[in-house]
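Here it is: the structure, laid out below.
All chains are identified by letter, namely A, B, C and D, in their written order; residue positions are counted from 1 within each chain.
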Amino acid sequence: MASSFGTLFRVTTFGESHGGGVGVVVDGCPPRLALDPATIQADLDRRRPGQSRLVTQRDEDDQAEILSGVFGGYTTGTPLAILVRNKDHNSGAYDHLRDVYRPSHADFTYDAKYGFRDWAGGGRSSARETIGRVAAAAVARRLLAEVAGIEVLAWVSSVATIGTDVDLNTVTLEQVEADPTRCPDPVAAQAITTAIETARRDGDSLGGVVTVVARQVPAGLGEPVFDKLDAELAGALMSLPAAKGVEIGSGFAGTRLSGREHNDPFEIGSDGNVSTTQNNSGGIQGGISNGQDIVARVAFKPTGTIASEQQTVTRDGENTTLSARGRHDPCVLPRAVPMVEAMVLLCLADHWLRQTAINVLPPLTDRP
Amino acid sequence: MASSFGTLFRVTTFGESHGGGVGVVVDGCPPRLALDPATIQADLDRRRPGQSRLVTQRDEDDQAEILSGVFGGYTTGTPLAILVRNKDHNSGAYDHLRDVYRPSHADFTYDAKYGFRDWAGGGRSSARETIGRVAAAAVARRLLAEVAGIEVLAWVSSVATIGTDVDLNTVTLEQVEADPTRCPDPVAAQAITTAIETARRDGDSLGGVVTVVARQVPAGLGEPVFDKLDAELAGALMSLPAAKGVEIGSGFAGTRLSGREHNDPFEIGSDGNVSTTQNNSGGIQGGISNGQDIVARVAFKPTGTIASEQQTVTRDGENTTLSARGRHDPCVLPRAVPMVEAMVLLCLADHWLRQTAINVLPPLTDRP
Amino acid sequence: MASSFGTLFRVTTFGESHGGGVGVVVDGCPPRLALDPATIQADLDRRRPGQSRLVTQRDEDDQAEILSGVFGGYTTGTPLAILVRNKDHNSGAYDHLRDVYRPSHADFTYDAKYGFRDWAGGGRSSARETIGRVAAAAVARRLLAEVAGIEVLAWVSSVATIGTDVDLNTVTLEQVEADPTRCPDPVAAQAITTAIETARRDGDSLGGVVTVVARQVPAGLGEPVFDKLDAELAGALMSLPAAKGVEIGSGFAGTRLSGREHNDPFEIGSDGNVSTTQNNSGGIQGGISNGQDIVARVAFKPTGTIASEQQTVTRDGENTTLSARGRHDPCVLPRAVPMVEAMVLLCLADHWLRQTAINVLPPLTDRP
Amino acid sequence: MASSFGTLFRVTTFGESHGGGVGVVVDGCPPRLALDPATIQADLDRRRPGQSRLVTQRDEDDQAEILSGVFGGYTTGTPLAILVRNKDHNSGAYDHLRDVYRPSHADFTYDAKYGFRDWAGGGRSSARETIGRVAAAAVARRLLAEVAGIEVLAWVSSVATIGTDVDLNTVTLEQVEADPTRCPDPVAAQAITTAIETARRDGDSLGGVVTVVARQVPAGLGEPVFDKLDAELAGALMSLPAAKGVEIGSGFAGTRLSGREHNDPFEIGSDGNVSTTQNNSGGIQGGISNGQDIVARVAFKPTGTIASEQQTVTRDGENTTLSARGRHDPCVLPRAVPMVEAMVLLCLADHWLRQTAINVLPPLTDRP
């Protein structure tokens, strides 16, 4: 359904920018997982507005309440419900958007789909919806760490035309979190900071790319056809607000290579396991993880809501112009980082459980 | 599940390269759709091997039999089952792949997931699996044409480093089908032909990009969160064999623009409808169609199976080399075109039905 | 998933007896439905404890808060989240159940499934979980009334060996609500009241049967195979706490009739529509509604938790005895009535939307 | 969807009485299950027409072909597709049903739902649809036997007013199969045979009850809310053609007992495991198996299609009469037995896999 994700580790988010709150129900989390509310809060804090001057200044502390599903410090196996109240809802700030459609935003399409829309703060199309995803993914992160030692880490790898130099094999969470841009290349981070501040001053906005890596993923996760691991990752990542592109491994650049160049040769690693000497596959072959790092890149367009005057129309069909007010990120990239991690974590937790359910019979001694 | 796609227009594919056949069950196709088996065959013929010297020479006529779900020339509303028998299964040609993993293929990951694999012709990982998708999508194409006049058209827009010049507003099916490359730019088509033939001779392979456009899609299709129309398209397209990247509208290039440049201004068109003066959104805003053409691009890596010698390992953990034999496309792009159309058609048919189920109450006269 | 129900009108409940609260997310409710919170509260009040001396005296006012999905008095089409806080959680009253399994309760099986359990008030197995179902069903009731004039009404038709005489064609909500037993036969209601009070005094409990009728259901709802309307109703009703049997129409008694007696003859009614002269089918034939009243009966076993001493075991595997304390219904029947209605409403709302999505092509003029 | 069942062990059936064939796709069967086609055929042979003079004399050998999903004698983990061709389709025998609705059959409701219907042999509403269920369930039976030693056995426990005396703890498959009635009480079997033959001669039909038991089911299978094991069994069993009622354990009779009588006392069995001294729960408490035998009963109405003249209407809205011809079972009970087993097997296989996916973390040493 529209607001649910996953087959076994299944999350359902709810909530709008200015209603009673936003949250998530996680159905299918295994019982007996030690779960400290601080774990969830830590990821929410990376996503929350107002954490630096680069992002929206809406004043929300985004404190999560676990309504159900935990008893004595452990998950019970029944639904986890997590609620974050909305506090700073200055709906009046959005009155000027009631009758006019912001270009490249969801205003017009919500009206087209639903016949009317909750125009206060963007309603359901607000990025506040991702609070539920990030909260659920914090649980998935705990699960994946405990059962398989999996680590998922994302960072800003470009903003507008500013590229970065990051070693995806060695980059750490500390490096990513060291700068409000969440760009672990200090030189680029400085340029990105300047560019974002300039864009804000100019009533403009910027886009960019987030790269994400999942480490220690065992070989064998994924499915062979529609639910290929790369397909599910692509759908999951493209479901983030403002996403316009997804690459796995070599992506579009890989189409320029020949098969001889692109193929990842297998070798027996020093640990005796099957490994590859390069990773154009981005850790996924035939829709199934191969044990190498999973690598994906997500393109985010520049924020649609800008203060500059733009040509648009009213919901009654009149041409007009709009200079949008309200509190918006001039660049979503820094806050997109935990969202990207969230979608990868949700995918992997789901597929890890799915593979467990498949892998129930003993090995064959007489493989055909 | 692994082999099912869609919520309401739901397809389930089955079959391997060398078993009794491949096919699909379509559950949820509305009743009373006039369905001529020739409609299905036409799309299968665009996908089938041996249609030109550019593609694999496996000899399959891929004749579809409709086992159920049609009575008196109309769909009954109950499951359509469509079967295509495998004919040219020269399994012996694959004996040399029984114990060795082709680099960048599904051989190793299937073993990792399932504990053994059907090594004859790649089993379920064979592109023959897409026969079921294309057959089901031919039904979706009929449905979408009848209920909404929607047209979905794809073409090859690059192969390796060879780009093309195609006007996506005017390109036609006839132009695409005019050349075996399915590239509607005749100059580029010639270069692509030469490049593919050279790659085959060299025991190498090539990748490329397919562009797809969906025309006459009404505004309002899609969902706001996980099942955004662009998210579902991205997942669907990335589930195709060899896909490594998906872009909607401006994609990765759009990340280099500022919001002022990237935003698509609204205007009231000459027909009185809301339109945009450019289409960086690729027809989708906030996960929901906006009535403009839907535009997506899919990156396909070079075919993994090549005749050149490659470094690899055996399933028993020994380093070795492999020069793969068997009948393979040196470049999947020409045959990927109907597969890309298929996934877009399946997505749109599903979302069209979903929107019908949502849009049941009368318009509001007192919009809040 | 475990805690979700429905394909298009999809509800997900959460919460335990003694946590932060219980509630529900409804995903897929059509937009533009006028929704007054009082509508939801009215159904919750019929379900809530303490409403009469026949039921548990736990003190909960069960006030529902709509967290999301409503704007300006109308549903928005995005998820409705509804939360009811737990207030009277005197967990200490349950300490004596921490290490011992109540016979015929969920205590042992939860431990067997999850490895431990939330023993405070029964945790997730508490009938408080049905608050979410009843709240969601109040929305379904509004939708069905508005789009099709459908009415769903249930009542207590037997308790223990006390039968009733009720005309299912004419019985009204007012008659059902006229007595705390929710038995619309006044003579039987008196006997039932006495029996329940006696059982409570004796530390015992009683079971019974609820009958439910759905009126004005159009012909054509349901599906032909696994999702038959009667199959979905049976599953939905059997999912209620303490349910042990479900009948549609003639049920088990119908097995004693011959086909000539059992078959419902068709006739053209005075309104020109197809009707039947009797209704052994209970309004469903071949899994699809036939336009007659849908009739079902649900068997509820006597409440498991009783004050009398019973033989049981501890979670550490020792034989012991238990006299359960805490606040429990000596007979669930009166409060089961709104729960039964809820499950029928959820089923019908879902199938009404599903049929809308199927019925999209024009009638055939040349039926084969 | 309409024609799919199960979350992890997921089956999708297709086919009509008189089309190209009927069959099933099983997605989610674990790999490495040794699967002999004869296993599937054995269960199909118990379901097939013409096996005795008590059942329909349609001449079908119902030979199953496994199209995919098996390699070298083992399941591969990818979809199993199984096809049974229709042979004896004497469609002309049904011409008289083209314009008239059989009372208490699916003819009218299919027209109401779909706008027209496949009238040849009942189309999708034919009991031939259950071939796919029985074939898939034969795979589930193999899986459950291998992983958990589970055995599922059903039998005819009443026909019309003829009851039986069967010990459900000791009855065996051999006893059930010893008589064409599938009633393991020889005295009752004789009476049932006479009654069925009389009904056939009289142009009439009979109903009855099938009892099913599942042995060696471990404690812990099922889910706590909507997907309770008893709820899923009830839905599964009610989805069988002609089913009108389902009971688990004590069922409707249990509503007449008091809690003291009905509760199943726990004790530590001689093997040190938790057991109960009686089984009114039918092996399920709180929706989850408790390790005792699962016991259910299914009511089947008398066959709707009878040769006697009945009052009915035409599809053009005229009153008329009908004496149905064609080959029909005068009593579905003997052939319903393998169908009942099939639905229980499919449920249990699905829940067994689901529990595997949940039970992934180590036991708690500090249970709260």
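The rule is short, and it goes like this: a contact is a pair of C-beta atoms (placed from the backbone, for glycine too) under 8 Å apart; a residue touches a chain by one contact, two chains touch by 3 or more.
Note that the structure is a prediction, hence the values are computed from the model and not measured.
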Reference subunit A; chain at largest CA-centroid distance: D
Comparison of C-D and A-C by number of C-beta pairs in contact, larger one: C-D
Separation of subunit C from subunit D, taking each centre as the mean of its C-alpha atoms, in whole Å: 25
Rounded Å distance, subunit A centre to subunit C centre (Cα mean): 38
Residue numbers of subunit B (touch at least two other chains): 1-4, 7-8, 13, 28, 31-32, 71-72, 74, 77-78, 113-116, 124, 224, 358-359, 361, 363-364, 367-368
Footprint of subunit C on subunit B - complex, ascending: 7-8, 28, 30-33, 71-74, 77-78, 146-147, 224, 353-354, 356-364, 367-368
Subunit C partner contacts - residues on subunit D that touch it in the complex: 1-5, 7, 13, 101, 103-110, 112-116, 124-125, 129, 158, 160-161, 199, 204-209, 218-228, 230-239, 241, 243-252, 254-268, 272, 274, 276-277, 280-282, 284-291, 297, 299-304, 306, 308, 310-313, 315, 317-319, 355, 358-359, 361, 363-364, 367-368
Complex contact set, residues of subunit C against subunit A: 1-4, 8, 10, 12-16, 19-23, 25, 27-28, 31-32, 65-72, 74, 76-81, 83, 113-118, 120, 123-124
